[in-house]
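Structures for review follow.
Same chain, two partners: subunit A is paired with subunit B first, then with subunit C.
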Partner chain A sequence: MYSVEVIVLNKEGIRDPEGEAIKKYMVDKVTDKVKEVRAGKYVLFKIDAGSEEEAMNIAKKVADEKRLYNPIVHKVEIRVRKDEDGGH
Partner chain B sequence: MYSVEVIVLNKEGIRDPEGEAIKKYMVDKVTDKVKEVRAGKYVLFKIDAGSEEEAMNIAKKVADEKRLYNPIVHKVEIRVRKDEDGGH
Partner chain C sequence: MRYKDLDPDRYSSVVIPGGFSFGDYLRAGSIAASTETMEMIKEMANQGKTVLGICNGFQILTESGLLKGALLPNLKMRFISKWVYVKVVRDDTRLTKNLPKKVLRMPIAHAEGRFVLEEEEARRLMVFQYSNEKGEVSEDYNPNGSVLNIAGIANEEGNVIGLMPHPERASFSLTSIDGNVDGLLLLRGLRW
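After this line comes the complex of A and B, so read on.
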């Protein structure tokens, strides 16, 4: 079994009002060390696949076909790791 | 400069209606290899800190004090990495 993380963020250059709000109203009241905040979506898939590549490809297929993100405005990052128990 | 990722998910045992909806209405129409989907919040901080520990502690402080998550229902994962350019 593989854990595949899909992280969706607004592209650089596209405003991120949620991140800006978190920075202005939450972060900046606590510290001045945080220079930027970006907020996004996190989706974790548990995938029964034979290899990291297969797991990655399944997640990509779902994300692309079902429009988990909008390629015009979002960048997407996909990370795979094998689950330690390795079980089913 | 450090990138600190804060990932907030519902705890195991607490239902995740968004993840369930993504699974049922998006994922399961494409593949039967995905056994579970969990949806969560992703927040990326760019922090001007002297060390990984300091960056981690700043992010933790913000997350705890400003209730970026609700400890009753959420688990939070914080990951730090040094930015490659190392610049300010």
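After this line comes the complex of A and C, so read on.
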């Protein structure tokens, strides 16, 4: 079993008011070291696949074909890891 | 009608109304865009029938790829509900080709109305721009941060149209802010 994380963020140059608000009203009150905050969507898939590559391709197929992201405004990042216990 | 009951052969036009769909999970309109009903509506659009999306309906049309661009959360992160003016800048669409007025007054009510598209293409496809009552377009009249003040666009052919303002809420003089029925003028374009 693999955990596949699909992370959707606005592309560079497309403003992200949620990230801006988090920065302005929360982060900046704690530190001035944080230069940018971006907020996005996180979707976790538990995938029964034979390999990391297969798990990644399944998630990518869903993301592309069902438009989990809109390519005009979003970029997508997909991360895979094998579940520790190897089971369910 | 319920979306599952659509029989595309019986109709020459389809309106996807506003509201919310599937809790607007993931993004406004994105899950509705994956339904089989939307496949039928794509087919209708390809046949040249009129497809109109209002508010959430507009979001569904962009999410399904029937219209270009995307509708992101308003820059001010608030739900905006108010009457606005829009300037009509294309008269080659089903809804706008015989329109007697060039500036319409209609209400908007949305949290995700910031239209984003590459500027050159947006300029070509835009149909409605947020303006003042004289039709002057400026950032002062842009409620949500849309590129070029865009309130609505159409496809190249002009048979698929989406807009954030609600023409159906500006179609009865009794419930209109000043008695105007500008929305009805637009909706009459559905008879073709």
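FYI, the second predicted complex is superposed on the first by the 87 of 88 C-alpha atoms of A that agree within 3 Å, B and C clash if a C-alpha of one lies under 4 Å from a C-alpha of the other, contacts with A are read in each partner's own complex, and residues count from 1 in each chain.
The rule is short, and it goes like this: a contact is a pair of C-beta atoms (placed from the backbone, for glycine too) under 8 Å apart; a residue touches a chain by one contact, two chains touch by 3 or more.
Keep in mind that what you see is a predicted model, and the values were worked out from it rather than measured.
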item: Subunit B versus subunit C as contact partner of A:Ile58, first or second or both or neither; value: first
item: Partner chain(s) touched by A:Lys41 [first = subunit B, second = subunit C, both, neither]; value: both
item: Touch count on subunit A, higher of subunit B and subunit C; value: B
item: Touched partner set for A:Leu68, first subunit B, second subunit C, both or neither; value: both
item: Partner chain in contact with A:Val30 - subunit B first, subunit C second, else both or neither; value: first
item: Partner chain(s) touched by A:Arg15 [first = subunit B, second = subunit C, both, neither]; value: second
item: Partner chain in contact with A:Ile78 - subunit B first, subunit C second, else both or neither; value: neither
item: On subunit A, positions contacted by subunit B and by subunit C; value: 41, 43, 66, 68
item: In the complex, subunit C residues that touch subunit A; value: 26-27, 30, 33-34, 62-63, 65, 68-70, 72-77, 116-118, 145
item: Contact footprint of subunit A on subunit B as seen in their complex; value: 1, 7-9, 19, 22, 26-27, 29-31, 33-49, 58, 61-62, 65-66, 68
item: Of subunit A, residues touching subunit C in the complex; value: 10, 14-15, 17-18, 21, 41, 43, 66-68, 70, 72-74
